[in-house]
Amino acid sequence: MATFPPVEYQDASPEVRAVYDDILAVRRVDTINNFWKALARDPETLRRTWERVKSIMAPGSLDPLVKEMIYLAVSVTNGCGYCIGSHTAAARKAGMTPEMFAELMAVTGLANETNRLANGYRVELDARFTAPWQ
Amino acid sequence: MATFPPVEYQDASPEVRAVYDDILAVRRVDTINNFWKALARDPETLRRTWERVKSIMAPGSLDPLVKEMIYLAVSVTNGCGYCIGSHTAAARKAGMTPEMFAELMAVTGLANETNRLANGYRVELDARFTAPWQ
Amino acid sequence: MATFPPVEYQDASPEVRAVYDDILAVRRVDTINNFWKALARDPETLRRTWERVKSIMAPGSLDPLVKEMIYLAVSVTNGCGYCIGSHTAAARKAGMTPEMFAELMAVTGLANETNRLANGYRVELDARFTAPWQ
Amino acid sequence: MATFPPVEYQDASPEVRAVYDDILAVRRVDTINNFWKALARDPETLRRTWERVKSIMAPGSLDPLVKEMIYLAVSVTNGCGYCIGSHTAAARKAGMTPEMFAELMAVTGLANETNRLANGYRVELDARFTAPWQ
Amino acid sequence: MATFPPVEYQDASPEVRAVYDDILAVRRVDTINNFWKALARDPETLRRTWERVKSIMAPGSLDPLVKEMIYLAVSVTNGCGYCIGSHTAAARKAGMTPEMFAELMAVTGLANETNRLANGYRVELDARFTAPWQ
Amino acid sequence: MATFPPVEYQDASPEVRAVYDDILAVRRVDTINNFWKALARDPETLRRTWERVKSIMAPGSLDPLVKEMIYLAVSVTNGCGYCIGSHTAAARKAGMTPEMFAELMAVTGLANETNRLANGYRVELDARFTAPWQ
């Protein structure tokens, strides 16, 4: 059970409904995810979070599929069940194939492994990697 | 200080040197990273880890730059200093621009934030995201 | 399913029952949480853990509500479902309002985000923050 | 070394300088932290991050000291060295005493421990904690 | 629901069935765990992961029970529900008693706590612990 | 720099000195680690933490070397630099060989990898692993 009862579209205040309408339009979907319905208990949290997601996940130097896969790699690393479920769906919608998913998981698993090898063997950063990026 | 003294090329056994030579050839570099020199205390760990990295990070359904950025997102999430330093360099070499890095960090930060909102608000996965991927 | 069958009050040994009675008295509740019933398989683990919780969560320089919110922020960061559920309840009982919860989540999300920005941009600690606290 | 050379006040573009001036005014300090100087390589990241920090860390239902301590508990849990250093300073400035710090660390340590006991003993959430917060 | 439909033995391709047969033989079990059935969507991921698990978890300088308990300590730290469930079973099969489990959990909890005390008090590594292991 | 100036033996209060003396006797060492000197700013935190470490790390169903290796696996997973350095030394003193260290790191890396595969492929726990341990 979510901490707060989900705020359904038909019960939403005008402020919440405005955010929901923007989500439906920008995402070109016809359903609001439970994540937004749970945050909507506090309309300011809902609005602020959606504005950030909309802005950061939009096409830029990285295309939306790459952004969704990065999001999924982080969620898998943190073990966030909700986020893994919803962003696997989002990445698929953005074009992720099963082959891309398998490679994404392989890289995510590898990085989680070698991060610990670097920690455990206490590897010192190579001097040539310490110079700032001009 | 690394846990073990780094194994330098000129001091390496033939077994270790064979791995070093493969790294230099596949990566088209002229220096071995401290990570490999630290693992080389145990040649089997060195060989096995390099084989995995070589295989998983090779071009496939995802191109090497995307793989390096996924690796970096995981390393930043886990806070592995060595890995952040060395894979920022690797991603730059594979074509990451400062603009791409800024977007990568924004997505990584956002995912780490919203993972916790989903946890804290205890959002239930939407039923339509639970169906298996056929 | 918990790893061990929960030890119910009526089935508890005198040693376990003494801890249960102390929990009921100190917490002014009439039910033992599943957490304690699961630990009770090993009475020493139960006793030691309860003594620590009782001592550390008691009023001190920080009041119990602040302590419960700190506990919740850590549990949300680690993604411990049980702990999020039980400590949201505990924090509410100690006086947390929905507005306070929303701010707690916002700060927790922000810290999880900016921790990664600091990691990823490899920010060096300002010299004035390195002096010890006298 | 930070990933990018820090952007010092005297070298900052008008856009960056406007953010720096706001930080100096809102925080009532006379120095910009390295965190902001590192983000300033990308002025949009700087501006967006500062707006969020300013808004979320401002007094609300929770006072600034409580917010700083929550921030510190998360940073300690994640092991972000920069964040621990800078937010210990910020919390001290907001009124944290050594006694409060000791209690904050004790609660943070306890939560990190008991989160793992709950995970390891696979404790099921008590039915009475699953009802939504009306 | 797993991301992909589980690949059952009777439906498996010869390539997948060969891995399944090896698992059944090496582990001396008569059932394939859901983990392998989920990975089997991508036979190469299945094969590579099983080869690694078989090699790393085999008896060596550390006996299989110690390895299973280390695996469980990591899984509990990361909060991986599947891994905690399946490796508690594996450790029990390798000889873990309830008393050993209780001590394993106590050490895991303690390490998670004191890791944060070391982070929060920003303890510097003692000079005598920095010398490499010859 | 540690958050508080380290409390050296010759400057310690009788209460702190009593803990230091117990550490020196139980551990059969002639030097106090920086960890204890940092905690000693708050004698109650010092005493409580030492009592726990002494009790939990003592021989029991698991021998001290196994306990030290479990501690190290957790510290490597969490990336606690201080803890990795000091517990590598402690494990070596308890008998860990370089071969055992290499296997410990391999298992720790593997568990960190496969935890993420289980998360990412959303593997459901096998029904036979859900029965409680009688």
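As written, the chains take the letters A, B, C, D, E and F, and residue 1 is the first residue of each chain.
Here is the rule we use: a contact is a pair of C-beta atoms (placed from the backbone, for glycine too) under 8 Å apart; a residue touches a chain by one contact, two chains touch by 3 or more.
None of these values were measured; they are calculated from a predicted model.
Student: Which chains sit in contact with both members of the pair subunit C and subunit F?
Tutor: The common neighbours are A, B, D, E.
Student: Comparing residue numbers, which of C-D, A-E or C-F shares more than half of the contact pairs of C-E?
Tutor: More than half of the contact pairs of C-E reappear in A-E.
Student: Look at all chain centres (mean of CA atoms) and spot the one farthest from the centre of subunit C.
Tutor: Ranked by distance of C-alpha centres from subunit C, the top chain is B.
Student: Compute the centre of every chain as the mean of its C-alpha atoms, then state which one is farthest from the centre of subunit E.
Tutor: Most distant chain from subunit E: D.
Student: Please work out which of A-C and B-E is bridged by more C-beta pairs in contact, and write that pair.
Tutor: Spelling it out, more C-beta pairs touch across B-E than across the other pair.
Student: Centroid of subunit A to centroid of subunit F, CA atoms only: how many Å?
Tutor: Averaging C-alpha atoms per chain gives centres 34 Å apart.
Student: Please report how many Å separate the Cα centroid of subunit B from that of subunit F, as a whole number.
Tutor: Chain centroid spacing, subunit B to subunit F, equals 27 Å.
Student: Can you list the subunit E residues in contact with two or more other chains?
Tutor: Each of 1-4, 45, 77-81, 85, 88, 98-99, 102, 104-106, 108, 110, 112, 114-115, 117, 119-122, 130, 133 in subunit E touches at least two other chains.
Student: In the complex, go through subunit F and note every residue touching subunit D.
Tutor: 3-4, 41-42, 44-45, 78-80
Student: Along subunit A, where are the residues that touch subunit D in the complex?
Tutor: 1-5, 48, 55, 130-134
Student: Spell out the residues on subunit C that touch subunit A in their complex, using ranges where they run on.
Tutor: My answer: residues 79, 88, 98-99, 101-102, 105-106.
Student: Under the touch definition given earlier, write down the residues of subunit C that touch subunit B in their complex.
Tutor: Against subunit B, the touching part of subunit C is residues 72, 76-77, 79, 81, 84-85, 88, 104-105, 108-110, 112-117, 119-122.
Student: Given the complex with subunit C, which residues does subunit D contribute to the contact?
Tutor: Residue positions touching the partner: 1-4, 31, 33-35, 38-39, 45, 49, 52-53, 56-57, 60-62, 66-67, 69-71, 73-75, 77-78, 80-83, 85-86, 88-89, 92, 97-104, 106-108, 110-112, 114-115, 117-126, 128-130, 133.
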